[in-house]
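Should a chain be cited, it is by its letter among A, B and C, assigned in written order, with residues numbered from 1 in that chain.
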């Protein structure tokens, strides 16, 4: 009897050790990242439930829509944080970019591809959080594959828009020594005006206008609104138009400013 | 009355043993195994006030461990240490007031403060009397030529400047004992000279006891009348520097790259075969008996030589000789 | 004791001098970081203003909680940020040896050696928000309430710092990884940004008895506003003292390990 108990205990012990080893196999940083996002999600879910206690809708959204939107935005948020601002300064100084002077578009495409690979890896790492959102907080994902298509395409264009935007800012940020400070500022602003902290629909009109005048909304709020069902598929033509305009506008502007920045650098003999 | 008394101290580290792989990790969880590593094994010595002692040994021999025990940072596994009559670990604070320590390449100064600010802080920490502080500061910055660097933060200093600053910081509170762990490592000759001169001056004028660990034989030659050699945790030599120099300083090793293999090589008189391998021949010779060029021409007349190189006696070869009982052999000859 | 006080002031004077020497990059750094808690405030402003209340807490009342927490958080970083780096900057590099060879308490040196610029932004936002909320709320002040407020700010910061210290001591064993462990403890403070009655009871219990960040925001706000849970505000200082004591004992334990096994 005792022996049987001991054997069971040992078996459980071995099993527990196996699971522990599995958990430890993932780098600590991964778990900290997951825990960070888990806490944020828990806090926000309860926050919104508390907010909606007194009413049915807020900013024309009900609780279910808001929670879906917020959780999806938090899941997709890490993609926003991929930015080349931090590296740009050293690239410019090393003269790596000067070599690409003749073909700035190619270099931007190259960068976009690299960023995409990084982004999709980041998205995969979000899987544990997705499971938590789904099982613990009741996240509902859309079944319609058309919605997913629309989401993916608008997400990709949104990311391209951000790349050009970052490009412009990186050229300007280069002149200060604290690129990291800019990066922090960008992350904070992206979180709010991109619609991760609050659905843009809830903001007062003038604040919404400000948000839509910054490209972060195109990279997060637009795709996530599609995925969460807040924006119907019928709105797609308008969305593609707006994103298209942003793309063309920023692409052109970024090349202009880039050329100017390069000229300044090479003139200084960087 | 010795200022430092070390009686039969030892330090044993328990290192956990783990088999590789998943099986090993699980085993380690349930039945941890340890292996004892003896870093210091029964060392005895005393140091009188005002001595400058060199403490040398190859890496891993137990030098740093000994110094850490002397400064109170590490607790000995066995034995007893008395520094100025105190146990440096149990009486950490009083002991700390009387000592200064330089840890090789790590600076004790605050990396973003200007040198003068760091020194002011240190003066406050050690309660240095303001008038005395000013006096010493002027004196030291004069000798070590730091006057222009007083307002430079440590992070902007070169290695040589940092070490000079470090010495001022260490000596500004007039410690009775100073432990210098690799103070000249990575420095160029001119800076080394200046630092050695400074240390000698301090010892001469203030009677500061100096314990110096180093790999640089130049440091030893300039500063240390007495040398202690530690190897594999044991003290294998404790005596005048002169003896070592006489016995081993005169030996040189010359390495020949030979073409093809040789029959067992008969060394010329006064030389010794250290190594003989198919393409390599290493001879040790006494330079007071023969010169490198004489030996080289003798060897080349007998053997086909592709290349050769001359090695200065380095610490590990001297230690090897001593540990191999060469000291005893020499004494008996 | 008086000696340590003098030393503390001296360290601080040096730190401030450095701050003044590099105003430009400091300003950019601070400005950039103010944005993060500022966005949090903006969120509250956009959302809570539109609803009658958040589980019985009005817009300004929510701001009071948020402001108090952010202010305590900021203070704790200003005064204790260096503790986070024990494993990375002192154990792995052997920098602790320098502290041990000086005739003053090594923990004191660790806390005081480097100043936490990163805390200034949070402290600033926290102070502004708290003051704004207090002015808008028309609290009936009494000496007791003023005392409670001051004690809560102090004990709130102390609780944050205790949770810098306790997990950071793991740095004696796991060195660089200690920062990750400390992050985990630190991150749970985020629940305390909002009124705790929006969470399930288990969370309230956890934030009161396990990771008592609630004493930095929820309980003092409750007390000042005459709400039910307010009585617990007086437990705050005791909780803080107990945690700091625990932290100190754990530090001594870690130090003993360091001096007997080297690193």
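Everything below uses one rule, namely that a contact is a pair of C-beta atoms (placed from the backbone, for glycine too) under 8 Å apart; a residue touches a chain by one contact, two chains touch by 3 or more.
Everything quoted here is computed from the prediction, not taken from an experiment.
Participant: Please find which chain has its CA centre nearest to the centre of all protein CA atoms in view.
Facilitator: Chain nearest the overall C-alpha centroid, as shown: C.
Participant: Where is the C-beta contact count highest, in terms of which two chains?
Facilitator: Highest contact count belongs to chains A-C.
Participant: So, what's the distance in Å between the C-alpha centres of chain B and chain A?
Facilitator: So the centroids are 54 Å from each other.
Participant: Can you check how far apart chain B and chain C are, centre to centre, with Cα atoms defining each centre and the answer in Å?
Facilitator: 45
Participant: Would you kindly tell me how far, in whole Å, the mean C-alpha position of chain C lies from that of chain A?
Facilitator: Chain centres of chain A and chain C, defined by C-alpha means, are spaced 29 Å apart.
Participant: Two or more other chains touching the same residue: where does that happen in chain C?
Facilitator: none
Participant: Sort out for me which residues of chain A touch chain C in the complex.
Facilitator: Counting only chain A, the residues touching chain C are 28-29, 31-32, 35-36, 39-40, 42-43, 46-47, 49-51, 53-55, 58-59, 176-178, 181-182, 184-185, 187-189, 191-192, 197-198, 202-204, 207.
Participant: Please give the residue numbers of chain C that touch chain B in the complex, ascending.
Facilitator: 6-7, 10-11, 14, 17-18, 93-95, 97-98, 100-104, 113-114, 259-262
Participant: Which part of chain C faces chain A closely enough to touch in the complex?
Facilitator: Per the stated touch rule, the residues are 25, 28-29, 31-33, 35-36, 38-40, 42-43, 46-48, 50-55, 177, 180, 183-184, 187-188, 190-191, 193-195, 198-200, 203.
Participant: Along chain B, where are the residues that touch chain C in the complex?
Facilitator: Going through chain B, the ones touching chain C are 13-14, 65, 68, 71-75, 89, 92-94, 96-97, 99, 101, 103, 106, 108, 110, 112-113, 117, 120-121, 124-126.
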